[in-house]
Structures are given as C-alpha cells and as structure tokens.
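Here chain A shows up in two complexes: once beside chain B, once beside chain C.
Right after this comes the complex of A and B.
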C-alpha cells in the first residue's frame, strides 16, 4: 500500500520524504476522528455501557447469584424505594446531611484561611506542599488514623478535647455524633483545596474597586462584603459544586470507618447501594438506587458545567 | 536572612502559618509517630509524646504479611492504568483542544460524575462471568475508568495553553497532523504530562472501591491489604500505622513534585490554582 505511486499533488509534509500512505492521508483528512477514536471507544465501553446496563437493570428484578433471568418489573424498584424502604429514606437524609455539613464547613473554613493567608510571605511553595498532603493521602490510611484518634478510651481526640474541659465522647460509635465526626474527617481532607482555589481567585482580583472604595471612605468590613466576596463568588461557587458532587458520593472513609454504622446511622446512599448490590447481590434494586444517586449528582454537575462555561 | 520585605511579613505571619498548618499536619504526624511506638506506648492514656523510636512495627508488617506482593500489585495496576490512559488520552485531549470539540469533553465529564458503584456493578458481573476477577487486566481496566477521564480533562487544559500559531507554523513547514502532535505539541506540554501521570498514578494507588471488589487474593492492592489488616489486628496500632505509613509515604512524596498543578488536577482542569 505504502509503495503505491500517487498522481495526485503530493503534500510536502511527509517528513521522511516518502510518498504519503493511504493511512497518513486519512489522518490528514480526519484528524479529530483518528485522534479521539481510541479514547472515545474505551470511554464508551468502560463507562457508557455500564450506564445503560444500570438503567436497564433498574427496571428489572434480579439477584446476581440466581440462575433465573432478570424479570421486567417496570418502575416497581423506584416505587419500593420511595414508598416502602425506610433504609432508603434514611440514606437520602444522611447523604444530604453529610454533604451539607461537610461542604459548609469546608467552604467557610477554606475561604477564611485563604483570606488570612492572602499576604506575601517567604516559603509559599513549602507551605502549599505541606497544606495539600491531606488531599492526596490514601483514604484508607486516613480512615485508619482517624479511627485510632477517635477511639473512645485511648484515642488522642478525647485527650485533646479533655484539655479544654470537654468530653469524653464516643465519636463515630455514637448515633448522634457519627455524621459530624465523619464530616470532620472530610473537612480535614478537603479544606486545603478550597483554600488553594480561593487564594488563586484572590490573586486575580482587580485593584480598581478597592481604590475607589478607599477614596469613598469604605471600612475594611464593607470592602470585604461588598467587593471581595461578590468578586470571589464564581470561584467559591465552582469549589462548592466540586465538593458537593464528591461529598454526595463519599464512600471510602465512611465504609472503612463505620461501614454505615452504628446501626444505619451513617449509611449514606452510596454505602447503602454498595450493600444492596455487592453484599445482598440484589442487582435490580441496587441499579434503581444508582439511578437515583446519579440523578442527584447529575443535577449538581449540570450546574457546575454552566458555571465553567461562565453562564452563571 | 535576606532583606525583609515591606508588607505582611512579620513574625505574626509565621505564627499564623504554624497555627494553620498544625491541625492539617497532626493526623499524618500522629500516624507516623504511632508507627514508631511500642504497643504499650500506643495504648497509654494520656498519650506519650516523647519516646525512643522503634522500627519493630515495620519489620513485623513485612515479616507477617506479603507486603512486597501487595506493593508490587499496586505498582503494576497504577503504572498500567496510567500508561494506558496516557496513550489513549493524549491524542484525544490534543484533538479536543486544537479542534475545539468541547462536546466530547462534556460527555466524558458527565460520565465521570456518575457514582463509581454504577460502573463497578456491571463490570463485576461481567468479569465474574468471564472469570476475570482477581486479574491485573480487570483491575487496570476498572482503574482506567478514573484515569482516562482525568488525563483527558487535565491535558485539554495544558494543550489549550499551547499557542495555536506554533502548530500552524509546523503545519505550514510540512508537518503532518500526527507529527505536529508528536514533535511540536507533546514536547511543549511535557510538564503537564508528568503532572497528569503522577496524579493518575496517585488516584489508582489510593483506589479503594474498585480494588475491594475486583482484586482477589493474587492481585490484592495495598489499600485492600491495609483494610483487611484493620479487621483482624483491631488494636495493634503500631502495626496498623506502620502499614498506613508505608502506603501513604510514596503518595506524599510524589505529590510534592506536582504541587503547582494539584488544584488543576483535583478539579479536573476546571481551575488553575
């Protein structure tokens, strides 16, 4: 093929000076197709097929261990989730509670730290390096060390709160404290991300509004609420949405630390779905739960994409 | 000490930095300290802060468990999924950036937003049927579900930073589309590729959910080994924290090389922090 002599005008781009092959001409004419096809095929097989499979299964009743074929039952799974399943309702509530608490803590803490840190100092690179460690550390290791710190009798957390006259608490073993205690771990992990994002946003703020405000005699508090915060809003918005999406899907830390317990007191939707699908092997019902969780996350994602496009 | 700067840099700034850093550093430092303590020191209350360090816990972890095998498994899966994701993702992200096909990119981002279990269940059923559970191939493919969208998205950002004029000039000088990509664009985004590769490696190394279900006895990765270790070693804190340190330390060291790009990576290229 490659040795065929072509009569059409030869592009001069063949670096070796050899005649262009049919393949390289094809690449020339369809660059997007050729360049993106391998990734697109793999993404389709790996990711799009499971999405269709899940939607299909959500309308069926099927146990992975059974020998019978999936039985079509329409929207029965969804009906069951919303009307009969106490554990599902509990999971939805806990997912929203965990997400709201963790993202609120992270955003308030993260933005405050950024405002405190928004000043020149030497060793910024060193500081950033240390500061980002919680985000990259292995979640299983994080869960392990926090379990140890939360130990009701020997843990260092009870020692530390004891120094200021509080406690002792039973932390993740207590039905009332387990979600806040888990949200604290997530906050420890992800506050640095919000801080770094906000610091980057602060660095790009224009100076003119502050100059005019100074001339007009504005107080620092007024400048913060009227200038800094509104200008930072898009940045904070994106950070907030990223964190909400991830919080809705938090799995590792919760599963390793409590596996949804005590009782079902920390069984978020993701953890519950895992139990239904990969512990009870009720694939049909798990798939319908996944569709619900996906819808929840997708709703938030669509807002995120709008923000990224600047249409906010 | 150099010349003092005029604004903001006072001893108070450094005190403030220390106060902020301590809570974020403490759990990791506590993990490391506990791994150097004996069982008696670890179960002392109030906690022991100063003690003669011992490496016994580390020795025990490696003697009692095939930790080298787990480490090797983690390495194979992380390197395999990262390598595959780069080979598949680099040309794709280049084309999306150069020919502005953001539709493809948004579709991938949407797929990325689905919960991981949604991908895990179908693949678990399929791999079970194909008797592929507990194989490197199955693990690498599932880890690719995270790695490939990551590479695509982060690299689109880096390729967008390459001036289009450079590519156009190469094309006019007679470069084919492919060699313009290979010889002009790729060398220019080399730092981006290194950062993305490290990030993808870290994501795979840290992955818990997929490995929990897909890995078996032969291919068990480090996070799963540590998780199992937790259930039967209950309160052997020295051993547990030694294992946790072994798994976390490589990631912490790797992350130091990419601190400039970490925000970009963790937000999927949406923000360049």
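Right after this comes the complex of A and C.
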C-alpha cells in the first residue's frame, strides 16, 4: 500500500474552469513556434543582425567619434583594399602564409603523436594527459611566456639553439622569422587537438584490413601508407578544417607577442582589422575588411570540405 | 528721501567692503555646497596618490565626489563611448590632451576653463597658475583653449649608468653627437654585476610605441611633425636625420630585436644592467629604482635628453591633466575640484608621499617635494618642462594611425632600410590620413 504509486491524470487546460485566454490557446496550437522563439531571438540579435550590419557598414565611410554621420560609398572600401592598400595585401599574404605553415606543422606532428600514443605502453594514460595540457592553457598567458623565451637578450631560446651551434636569432623581431616563430607557438598549443581527433579516428579503424595485410606479408610501412592513412583521411580532414578556420582568424597570440610587428611583418588580416576599427576608428573600412576575412574563411572551408568528400 | 538715499549709500559701501575683505581673507570654497560631481579616473600613480585625500575636498567644499577608477584601456574606451553618446554625466575626467585633445575639441566635447581661471570668484587668489612649469601649461592648451590643469608631467630623458660612464671615463652626453659617441664607446663593454658585456644604448623600437620617445630626437634635430601650414614635415631633412639616427643607434649599439621593444622590454634590459644608456620617459624611474626587480638601483643618472646640432632641446613634455566635458551640468563646481586637486598643498602631498612627478615649480623647490625622486631627475625635469616640446604626439586627430605610419619608418631605419623612402612614404600616409579624418 505504502509503495503504491498514484499517477495523477494530466491536468486539462485551464483547470479552474475559466475559458482559456487567447495567448494560452496560441501557445497550445503553436508549441514549436513559441518554444523556439527565445532562442531564435537571441541568435538573431547576437549573430544574424551583427553580420548583416557589418555588411551594411562595409558600404559606408565612417570615421567614428567625429560627429559626422556614416556616408554611403558603395564598394569604394573594397576597391581601396584591393587596389590601393599595401597593408591589406601584406595582411592577406601573411594570413595565408601563417595558416599554411601552422596547419601543416600541426597535422604532421599531431598525427605522428597520435600514432605513437595509440601503441600500448606503460603509463599511456598519463602521457596522453600530459600531451593535451597545452590546449588547456590560456592563449594570452602562453604568448607572454613565449615572448620571454624568444627575447633575444634575456630569453632561453637563443641559449637552446646555441647548444647545437646555431644563432643567436632575434626571433619575433626578425622580419624573416616572425611568422614561423608565431606558427611554432600556435603549433605548440594546438597540435594536441589534432592528436585528440586522430586518436578518436584510430579507435574506430576496422581490424580486418590489417589481418589480411599481415597474411599477405605487408611491411609496417606499407600498412601505414596503404591502410592507416587512407582510412584516417576523413578524420584528418576534419581536424585540418578546424585548425585552418582557427588559424585564419588567429588574433590573441599575434597581438600579444608582436602586435603585428616588427613594422607590419606579422600583421595578419585580423590584427590589421582590429587596428583599423578599434584604434583608427574607421568603422566602415574595418567592416569591409571583416567581410573579406569572412569570405576568405568561408572559401578555405568550402575547399577543404570538397577535398574531404573526395570531390577533388 | 535724503535719509533713504544716505542709508542706501551706506549699505552699499558696507556691502562692498564686506565682499572685498571676504575675497582677500578667504576664498569661498563652500559656494557649491551640496553639489555632486562624477569624476572618472584612470588607474595611475596620481590617482592612487590623490584618492586618500578626496575626503578633504568634500569637507572643504561640501561637494560630494563620486569617483570611478578603470584600468587605462577601459578608461579610454569608457570616456570615449560616454562622450560620443552626447549624454554623459561625467563632470571631470583625466585626459592627455596630446593624445585625444584635438579629436575631443573638434567634436565639441571639451569645456575650456580659461574663463573660470580668470574669474576671481571661482579661482582662489593663492592658486598661482604661473607656478606650473611653462610647457606643462602649454601642453594643456588645445586649439588656443585651456582644457584644464596638468596633474603629472614626464619627459623623454637620458637615463645612464653613472658607474659605467665613470669606469670607462666617458662624458655624459649633452648633445646628439656625444650621444652617438658614448653609445659607440660603451657598446660591448663589461657592465653587468658578473662582468658580462652590455649594449651602448637601449630604447623603444616598436612601431607606434617608439614615436613618443622619438619625438625628442625629432625636435632636438630641429624637425617637427607638421609645418605651420599643417602639412606633414616628417620627410624634412631634419626629420630624416632624426629617423636615421634613432635607427642607427639601435641597430649598431642597441640590443638585437629592438624593432619589437616597448618600454617594458627596454626597461627590463636596462634594469638587468645590460645597457649603458636608456632614453625613455623619466616617469619610469620607480621601475629602475625598484630593488626587487632592478640590478642598477642607485647607479643611474637622469639627464636632459641631448640637445641638437643648433642647441635645440629635445625634452618632450607629456602631461596628464584634468578636463571637463561640455555636457557637465556642474562646470563651476568641477572647476573647484580641478583647482583643489592641483593647488600647491595637494601637489606637494601626492609628490612627497608617492613620488608622482608633479608640474609645479614651487613643489620641486620644496625639500619635501624632492624627497622621493632622484635629485638629478627633479633638476632635469624642471628644466626640460620649461624648454621642451609639448608635441610628444603628432598634433592631429587620428593620432594612433599617424603614429603607426611614422613608426613604420622608424622600424625601417632600425632594420637598415632606405630611410628617405620610408620617410616619404610616412609623409604621404600622414597626408592621406589627415585628409580622411580632418575634413571639415
């Protein structure tokens, strides 16, 4: 008796017996509309509206904080970026250079690490955790630490390369080294992400192809190039996609370490846009640069997705 | 009738006498009793120094202060956003006129205080405006109008290792030629605690950050940012010589990687004992004299920035001051606060308690005013702030953008590139930026 569970009948609408209001009837008849509305409003106000407003602003000339209103100038901002603005062309090139270098390093290192960590050995769990630590740290803190390590006079990097008879270099202060040096920091931080994704991919690989390969007398190298890598390809492409999008819009480590310097030698598109918008207050021009950055990220992503699907 | 007239005359005379004795004996600090002032402060040694005394102002005037403090970036953003909105309730804010003055003035956001300063009913007779060092007063003037009193001053100065100069028998440079000779002579000489070699000179080389110190070299060479007709002058012969010398000093006798050095990196190198000279703001002395972090405490001399080929002074006179927005509804009460915060007593308190570099000559001559500051720093600051230039920034609306354009030329010079071409490019960029941002 004591454990008997009584199921209350679902209360019918307006249990008080009063006639239901128009609003409650509306809710009853359109639950999908009503319950998704708050989320839709948030998405619209915080995401959709800013994107369209940025596009709208990109067609204007507006030097904020002068009391003049924005002036409609059509595609003039884009024309200026592509035909007159050296810093823009430099920024596009540096963005692509940084992205290509960083993602290439990360994919090679990340996949290699995943293959190593996928083998059975003592303390595997421990090492897996250790290798994932860089990803957890705050990028700004990482940038500050690397900045000290790269310091040509007081830093440890010149001591380290000195041990093998190289250097001294000026690292992020050298026009030739600044992008590779920044890509190294990004690689240090984000290689574990590729490792993590690849490990997940490795766990799902079927065993049968390896069995038949063993029976056919294939070498480990052949098995890697002919079986593991092709089977991992979709996984690696996903990791590559994540990292490319992220690298194209890298801001924190570059801004903290060099602010685009020396000169403009590490001023990627994102860093340049930040300067134009929030230091120079050319809101219209900064918006058009953001539209271009958006197009660039979208373009690179579409290409990678096509490659992943094997279309190319 | 006659009696009434006589009575009136008597009353009038008595009234006049009362007013004048009151003025002479005591300025009426209580005239805006009950007012509330909203004061926006930047996190800064001056703010730390004045805050404990704000209650004295409230007691003296009966005015209530609501002060807000923000770190510098947020402070600037907040001020800008509030002023842009046109509905700000700020009554007083900290401001560097050379940084944002022209932009704010042209936007019509600043309330000049010339009239308040002249008005004996609003300015206490013992305020003594002329006590402020000459160029610090000039530095608070934007387009001919005084925006407020200065609260702190700093100059680009020459900081040098007294022990190293003595050991190698080198004369402390007073001219740019001697500066280069000293940098050359001392570069590579042992100068750290453990006898390691150091650099001849260290200074900022990072794009925009370098320009405010480079301004000293520019004016010492006899150059300037703009011609009197507001055309870019950064590619004049004098300016090219200045850009060339700044880059050459750092390239030949400075630390590698100077192109990325801000004051933080430069002062680290100097305070680790790895450089014989350092040209930067003299307000950095607490960093260099901090026994926790610095290895050169007590070994550093503070001299005027070297003079140019025709004896021109290169000291920059960079001031923080107080300003009030046009939208303030309590402008006269706000002026009382500005006046109180910069009268001799307060300046002396903040300077003697915190070592904040004040702008009043009488305070620098007072033994208490000198106590927390190296004596040669005080001497050189007083002279530098009388004869230097308030234009540590280009006097334009788009300061940040023009600084980046000029900074790029400085970086090119450090890297050993074509200085003339870089200066011409900087001038062309300046012309374009000014055309875009200063159109009427």
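One rule holds in what follows: the second predicted complex is superposed on the first by the 257 of 312 C-alpha atoms of A that agree within 3 Å, B and C clash if a C-alpha of one lies under 4 Å from a C-alpha of the other, contacts with A are read in each partner's own complex, and residues count from 1 in each chain.
One rule holds for everything that comes next: contacts are C-beta pairs under 8 Å (C-beta built on N, C-alpha and C of every residue); 3 or more make two chains touch, one makes a residue touch a chain.
Everything numeric in this text was worked out from a predicted model, so none of it was measured.
Of the two partner chains, chain B is the only one that A:117 touches; chain C does not reach it. When the two complexes are overlaid on their common chain A, residue A:171 makes contact with chain C while staying clear of chain B. In the superposed model, A:262 makes contact with chain C only, not with chain B. Touch criterion met: A:153 reaches chain B and chain C at once. Residue contacts after overlaying the shared chain place A:132 against chain B, while chain C stays out of touching range.
Residue contacts after overlaying the shared chain place A:64 against chain B and chain C alike. More residues of chain A lie in contact with B than with the other chain of the pair chain B and chain C.
Of the two partner chains placed around the shared chain by superposition, chain C is the only one that A:280 touches, whereas chain B remains out of contact.
By the touch criterion defined above, A:229 reaches neither chain B nor chain C.
In the superposition on chain A, chain A positions 64, 153-154 are in contact with chain B in one complex as well as with chain C in the other. Interface residues of chain A, counted against chain B in their complex, comprise 11-15, 24, 27-28, 31-32, 34-36, 38-40, 42-43, 46-51, 53-54, 64, 113, 116-117, 119-122, 125, 127-142, 144-149, 153-154, 156, 159, 188, 191-193, 196-197, 199-200, 235, 238-239, 242, 245, 249, 251-252, 255-256, 270, 273-274, 277-278, 283, 286-287, 290, 293-294, 297-298, 301, 304-305, 308. Those residues of chain B whose C-beta lies close enough to touch chain A in the complex are 2, 5, 7-9, 13-14, 16-17, 20-21, 23-25, 27-28, 30-31, 34, 43-47, 87-89, 91-96, 99, 101, 104, 106, 108-125, 128, 141, 144-145, 148-149, 152, 171, 174-179, 181, 202, 205-206, 208-209, 213, 222-223, 226-227, 230, 237, 240-241, 244-245, 247-248, 251-252, 254-256, 259, 262-263, 266-267, 270-273. Of all residues in chain C, only 80, 84, 103, 106-108, 205-207, 255-261, 265, 268-269, 272, 274, 397-398, 400-401, 404, 408, 411-412, 414-415, 436-437 touch chain A in the complex they form.
By the touch criterion given at the top, residues 63-67, 151-154, 168, 170-175, 258-264, 275, 279-282 of chain A touch chain C in their complex.
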